[in-house]
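Chains here go by letter, A, B, C, D, E, F, G and H, matching the order in which they are written, and residues are numbered from 1 within each.
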Amino acid sequence: MDASDLESLARAVAAGELSPSELVERVRVGAVADLGYAQVDTERGVRTGVSEVIYGAGKSAAQIAGIVDAMRRAGQERILITRMDERKAAELAEMGCSFAYHAEAHAGVVGELPEPDGNGEILVLTAGTSDIAVAEEAVLTARFLGNSVTCVNDAGVAGIHRLLRHGEEIARAQVIIAIAGMEGALPSVVGGLAACPVIAVPTSVGYGANLGGLTALLAMVNSCASGVSVVNIDNGFGAAYQASLINHLSGKR
Amino acid sequence: MDASDLESLARAVAAGELSPSELVERVRVGAVADLGYAQVDTERGVRTGVSEVIYGAGKSAAQIAGIVDAMRRAGQERILITRMDERKAAELAEMGCSFAYHAEAHAGVVGELPEPDGNGEILVLTAGTSDIAVAEEAVLTARFLGNSVTCVNDAGVAGIHRLLRHGEEIARAQVIIAIAGMEGALPSVVGGLAACPVIAVPTSVGYGANLGGLTALLAMVNSCASGVSVVNIDNGFGAAYQASLINHLSGKR
Amino acid sequence: MDASDLESLARAVAAGELSPSELVERVRVGAVADLGYAQVDTERGVRTGVSEVIYGAGKSAAQIAGIVDAMRRAGQERILITRMDERKAAELAEMGCSFAYHAEAHAGVVGELPEPDGNGEILVLTAGTSDIAVAEEAVLTARFLGNSVTCVNDAGVAGIHRLLRHGEEIARAQVIIAIAGMEGALPSVVGGLAACPVIAVPTSVGYGANLGGLTALLAMVNSCASGVSVVNIDNGFGAAYQASLINHLSGKR
Amino acid sequence: MDASDLESLARAVAAGELSPSELVERVRVGAVADLGYAQVDTERGVRTGVSEVIYGAGKSAAQIAGIVDAMRRAGQERILITRMDERKAAELAEMGCSFAYHAEAHAGVVGELPEPDGNGEILVLTAGTSDIAVAEEAVLTARFLGNSVTCVNDAGVAGIHRLLRHGEEIARAQVIIAIAGMEGALPSVVGGLAACPVIAVPTSVGYGANLGGLTALLAMVNSCASGVSVVNIDNGFGAAYQASLINHLSGKR
Amino acid sequence: MDASDLESLARAVAAGELSPSELVERVRVGAVADLGYAQVDTERGVRTGVSEVIYGAGKSAAQIAGIVDAMRRAGQERILITRMDERKAAELAEMGCSFAYHAEAHAGVVGELPEPDGNGEILVLTAGTSDIAVAEEAVLTARFLGNSVTCVNDAGVAGIHRLLRHGEEIARAQVIIAIAGMEGALPSVVGGLAACPVIAVPTSVGYGANLGGLTALLAMVNSCASGVSVVNIDNGFGAAYQASLINHLSGKR
Amino acid sequence: MDASDLESLARAVAAGELSPSELVERVRVGAVADLGYAQVDTERGVRTGVSEVIYGAGKSAAQIAGIVDAMRRAGQERILITRMDERKAAELAEMGCSFAYHAEAHAGVVGELPEPDGNGEILVLTAGTSDIAVAEEAVLTARFLGNSVTCVNDAGVAGIHRLLRHGEEIARAQVIIAIAGMEGALPSVVGGLAACPVIAVPTSVGYGANLGGLTALLAMVNSCASGVSVVNIDNGFGAAYQASLINHLSGKR
Amino acid sequence: MDASDLESLARAVAAGELSPSELVERVRVGAVADLGYAQVDTERGVRTGVSEVIYGAGKSAAQIAGIVDAMRRAGQERILITRMDERKAAELAEMGCSFAYHAEAHAGVVGELPEPDGNGEILVLTAGTSDIAVAEEAVLTARFLGNSVTCVNDAGVAGIHRLLRHGEEIARAQVIIAIAGMEGALPSVVGGLAACPVIAVPTSVGYGANLGGLTALLAMVNSCASGVSVVNIDNGFGAAYQASLINHLSGKR
Amino acid sequence: MDASDLESLARAVAAGELSPSELVERVRVGAVADLGYAQVDTERGVRTGVSEVIYGAGKSAAQIAGIVDAMRRAGQERILITRMDERKAAELAEMGCSFAYHAEAHAGVVGELPEPDGNGEILVLTAGTSDIAVAEEAVLTARFLGNSVTCVNDAGVAGIHRLLRHGEEIARAQVIIAIAGMEGALPSVVGGLAACPVIAVPTSVGYGANLGGLTALLAMVNSCASGVSVVNIDNGFGAAYQASLINHLSGKR
């Protein structure tokens, strides 16, 4: 609820259409449906311009079903459920929840994916074949949020020509998501080649001193290339979410 | 040098205007001025759309002077020198290098700051008064890169109303830079309030288990808010650089 | 055994009611029942005012049964067994031990929960649905120790209005337990809103750079809000124990 | 500003005493004095019952003077300035700011220390002589906030009888602050002896694998004693602040 | 593609044998077969003198089969597949892929192992019996790359005479691979005895504060012996790869 | 082989009883039986006064059987096999290897345990019931090495009187092994009470910020008590081994 | 105060020589002189058989002088003051405190060093010349505590023959202190050569990934040699203290 | 001393030219000059083929002078002293020690640099101007050890064309030293381009989450390029030492 909403309410009070205590109630309760285990923000789409997403990890199928239900009743037609493994997806389906499951992205989608309506294209780059699982989450999220996506896999820096041959895609992108495990060097090279923002996603791909992805994260945060920012390890969703925000910004005002 | 440049060169060879070995030389040498201690990328502005910047830390005043000189000879009129302390700035000035020193941002600017030409406004938020030094670097960088900037200081989450009263600035921003030390919670709250991308900058402000800013960095990377990405500790420059890229993206194509 | 106990014993010696070596024996043995694998402190309730608790992790069902038995023989009627999974609880029940198992809190209770007798109310806040498991341990512990508890779930800072609408509960609480994983920002915001002590519980909820909860712990310890202290990761029990101590303090003396 | 404040404002609107936009302004601006580099929360004392404190580290003497000035103009008579070294204190004094400097606590106090008005007594325990600097900050803060304080130094666990002889002070305390560096074992022993809450303060005292106090912090968070919570390394202020909140709680309601 | 290749292409353009846009295509596409999930570098053997290797972890059997197929079609007769467990090897075999599986090295080899053609001999030393699994990967890799290998196991420094009795093998080696877990001291002792380069491989053998091999890695990187460099934890492949490069260097030019 | 052995060999050469090359062979080969996967030190008992031990982790049952066989052929009658789980023990038994399996200590013993022949008694103290598994390894090892052992469990510092009542055992011990997880405070208290050396064993008992025992290890290394040294996490064997060395030292020479 | 002391007191009460409250006072107060900033344990020598030591770091010269004074008044003639730099030593001397300052050991000694009265000899080994500062603290401490000490420097494992030529000193030692920085491998090799206990001291010698000595500490704790235990980084004092305890143990009882 | 040396001595004994005890003395003492604070290995050049080097950090000028003296008396004409700052170099010069000081490499050289006698050329690459200090140590060390060196600075991956234009130097090198701070990505890209071994040197260049170079070290150890091994942070010496060993290996035998 922002200033103009509050002003509307206050005007209604001035007009005698709303009692003062009703204004208080409206302000407090806002647009939250309280399920006990979750407070569902049913007006988030309105407020931030992005549809609501359910982070599936650590929630039971029943809890997810409840949240989906509350959202749908509040008019939300398209819902993304991330970090949901196949077993939980099956349970959710058995509960009568209708959604498409994307196994490779570990995610479910209630409703149809929208037509792309962003300013340009999001380019998703992975350093190696093993990073594709994270890329799939990013690609699905970006599409869910209304973006056109191109994906180039296995373009790691140890074979730099595999990356350089995709110069056109890099030049064309509105925003780039660079995904890499191990030493996480891909975003640094991409950041030097691209004229658009690069969002780096460290992955847990690797072994030993990769520290479960922490090494890649630290490396990416220290990137010598300007224009690179970083999200959590394996967080394909988060990168795509921010990329979508960027891709939907209005131009010159 | 991209594909179209190369095609032009190849056409010149086909036309007999260029020998094959000249093509090779052009490709290899490109637009780099080699000073021995530095290879100055004199066409970077053309390639990525952003003027060149000198990272001043670990370089001597003489080395900086040499790089500035090479850039200027290559036609670069506006140069930002970051992470330069007062002593080094004085040395640089004594060498006859002409620039304005911004003490609070630990940075120097050769040439004039440009008129803002971005799509909208960059909002710089700090959690506390002690974070202002990092904010100054971000503000100067953003202005150097042609952005209009608003700055709100001391809006940390422990007094949440100090942040909430700036809802209008948050709603108006094209991109937000959220700067915080200690527990680094500011970007999470801002990320939930804003409809635009948030770039989080952890700072080394704090003591004890702040681990020199690593705690804030880790916290920010784990932000429960979507739309937040992170740069290195105290890296006001990097945040502003990416913010500027975002703020200068062309709109709908 | 404190000074007044010792003085009583010494008086008995002076009165010839106790031999000197009996005094030594009493002092050494005190109120400990030694089971070989455990030394059960059968007078702890008397000494610290709090009933005894069994930390179930790393103990076999047989060891737990033995300790429960020793406690009951010493007159303890109410016993809390924490960190006991369903399988161990079943084994314990098969051994004839009578207790109620609270699956969601991973804990068992021998005897009845008491009537609340604290000064006020303990408020348990969680940042997200996935933190509820830790909250359940805290709620059960607090009730076991004689407290009235209110629980508000999914009030994380990325949707700050979900928290702000619970201002009344915050204002009413005698002590607040704030539970959060990921970046652990909840206690900082709550600490700024509340006039009572806040005990922060980091959880292992999250992934990647959450470092199994260490990130949240470090963030909470660095909270910019005053009045916040922290317990171990996922330690709902410990937070509730301290909250109960605070809630049972005598007032003005 | 809580619900009753807002209701008052809404009533004034209903009564025509306030225009709707004035209500909005009041809600947004609240009680914050904006100095540019700081947003001073001039009603914090009213809201949380605790006087305002200035964290001096990372602020210039001029900034501190400005904040003190804003607070005093808002009616605040007693102000604590923490983490201010002697040099900064001297600069502040030269600016005409009137305060008492407590060198051993690295803190300044504007106005008089109040009479104690808490429920009982706060006991501050240190493990070693080298921890006294942190204890001094805790003691001064506790007194500033209206508490009666007892301090017992050098009661580390390697000479356990030095601690055990203070059983009376431990039994009498309303809340205990246990301060220790190195292995940080003091709070575990105290937690087992006391019937009141124990707030543990790890210190950076020690060398080598003490990791600047992180070892003590981790140890304290893992305390096997119930009833112990932890604040940041060397954070005597934070421990005393929470202890004071506990010591000022109203009793049975 | 290096300068001479490019010059050849440019000459072909000058001679009218190649159109300018064909040159661009050749340069961009190079020798990469794009399978979607992988970009196979089919000319790597030519470029770096070493046959191609497939890192099996994180790739499905189907993906591996696809890459093997692409390589074979490009004329690669000998392919090493590392980090492939028995189950995946069985799946790969069921897909009709022909290869020999080396269970102890967790690797598969397509084609025949070559005759050794290196300058001298590679000596593989392990500190303990538990390190042999890593040694097996190193030995197989070295043989695959055309090296003669000697292996001495269980020569850890706690029984230094077990190492010293192998002085002849140490003196004879062209390059030594020293493999150790726990405290990782073996390379330091070997480095002091040998006149040739020593490549150290930390292993995850051990428990507790071995930190999954990180302790050994850190120790090896800090070796007081000169002539020691280090690869990732358990990276027998990487050590053997570099050892083979060293063993195949041309002598005096 | 020490100086006097070598001198004997050299004398034999001088006497013509041994050829020079035979001397070399004796020195090189020494007393090592090389099994390929292990170099068994068959004279270790002679050299260091302690029977040989097999570290079972990471070795197959077949490898263990081979080492046992080599040792027995070299005249070793008593062999300890540590870190061997029940499944591997069963495999080893099936191979015809004769030994007693101690399930609680995860260890096997070939031959009979000896009569104690140390100078005094080793006292093994555990902080909690969950630490007993580590204590069992220590107790068995100490007995295997010829020591008389007393064991006191669950004597953690949070109930300090449980420890203090064992003052006599502490006073009587020749050397103390203090085993604790969580915050690892036990050795500090014991170190202050005892007049003999204390060997501290951190355990992985605990959760969250115990970091798998690293917290306890760091705490113990920082012990404020003098006379405390530390071994690896869960290393009951290592503590007992050193304790036995201490307990078997000859007295005044 | 142990059981026999308490029994004596109780007997005095029974005999009417002591009032019950006097017994309590005796037990509580024991033998501690309370200076406010320190509680000096004036009977420690009696209790643990070792003279008292003052840890000088973090104490002012005035505090040290006060503690020395209290000890001397309690009859302590020989006092060791560790971690005292030259400036503090000079201040202490100016206060009239009489002691000998050992600059290389950063320590002062009040009174005369005693004649050695241990069972055998302590051998102090350093890996490199840079570790000597730590060795000096160990040597002085050991001599202060009545031990005969031999010191061999620069015997690091990268030149293993430098260590092996000191086989006789190793064989003769009652206990060995092995001091090393960097990778900390020395104790592992020594542990395999020696038949006596080895106390390992990691030092902060080195740079980069030595992590201020943490790498050496972790390596030593993971030593593959049995019979090695570890103290804190640079803790020459602690190693010598435990070595002295071992060297003064009574033999066969 | 190897087997053939020992056999010679034994033959001398057999021939009556040497007494048995003289053989023992020869074996023990070997070729070490013991200065008390250092054991100088005067035959190292003979044994490992590389001249002796003095690690200057942590040694006093007097100690260095003593070691230089011992080496020269043993016939060593060329000595490298690393990690010696200007002040220590000046002290050393005042003591009459004759050497050339290389300020930028923080090293001194006694005697003349030799003519290059390696097989090929060592290429030293740095990622940025700030890494040059480390490169200087590597270059001087390599020259001291008889290598021809080429140095290319400021070739970091964020401007990949700056690296790619040096393809010829990369192709020509016998071994490459790749030096980088921040995210340490350079060796991964170079490793993919080069056909020779790459030794990676992480540097402490950078700030914040570079963790003093640890981030670069971890990244390099996780390099996705084969043929890369790593030395300690800022260890230009160590990289050059190993590179020299590689460059001096004999070819085909």
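Throughout what follows, a contact is a pair of C-beta atoms (placed from the backbone, for glycine too) under 8 Å apart; a residue touches a chain by one contact, two chains touch by 3 or more.
By chain, UniProt protein names: A, B, C, D, E, F, G, H = Nickel pincer cofactor biosynthesis protein LarB.
In this text, all values refer to a predicted model and were calculated from it rather than measured experimentally.
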Starting at subunit C, find the fewest moves between touching chains needed to arrive at subunit G.
1
Based on the averaged CA atom positions, which chain is farthest from subunit D?
E
Compare the contact pairs of C-G with those of each option in E-H, A-B or A-D, and report the one where over half match by residue number.
A-D
Using the average of all C-alpha atoms in each chain as its centre, how far is it in Å between subunit D and subunit E?
58
So, what's the distance in Å between the C-alpha centres of subunit E and subunit C?
54
Find the geometric centre of each of subunit A and subunit H from their Cα atoms only, then give the gap between the two centres in Å, rounded to an integer.
49
Using the average of all C-alpha atoms in each chain as its centre, how far is it in Å between subunit C and subunit F?
38
Two or more other chains touching the same residue: where does that happen in subunit C?
3, 28, 128, 159, 164, 167, 208-211, 217, 221-222, 226, 232
Touching pairs of chains, which are they?
A-B, A-C, A-D, A-E, A-H, B-C, B-D, B-E, B-H, C-D, C-F, C-G, D-F, D-G, E-F, E-G, E-H, F-G, F-H, G-H
What does subunit B use to touch subunit C in their complex?
127-128, 156-160, 164, 182-185, 188-189, 191-193, 206, 208-211, 215-216, 218-226
As the complex stands, subunit A meets subunit E at residues 128-130, 132, 153-155, 159, 161-162, 164-165, 167, 205, 207-211
Sites on subunit D touched by subunit C in the complex:
2-3, 47-50, 53, 119-120, 167-168, 171, 174-175, 194-197, 199, 217, 221-222, 226-232, 237-239, 241-242, 245-246, 249-253
Subunit H residues within the subunit G interface of the complex:
1, 28-30, 32, 36-39, 41, 44, 55, 57-59, 63, 83, 202, 204, 212-214, 217, 232-235
Within their complex, state which residues of subunit D touch subunit A.
3, 6-7, 10-11, 13-14, 16, 19-21, 23-24, 27-28
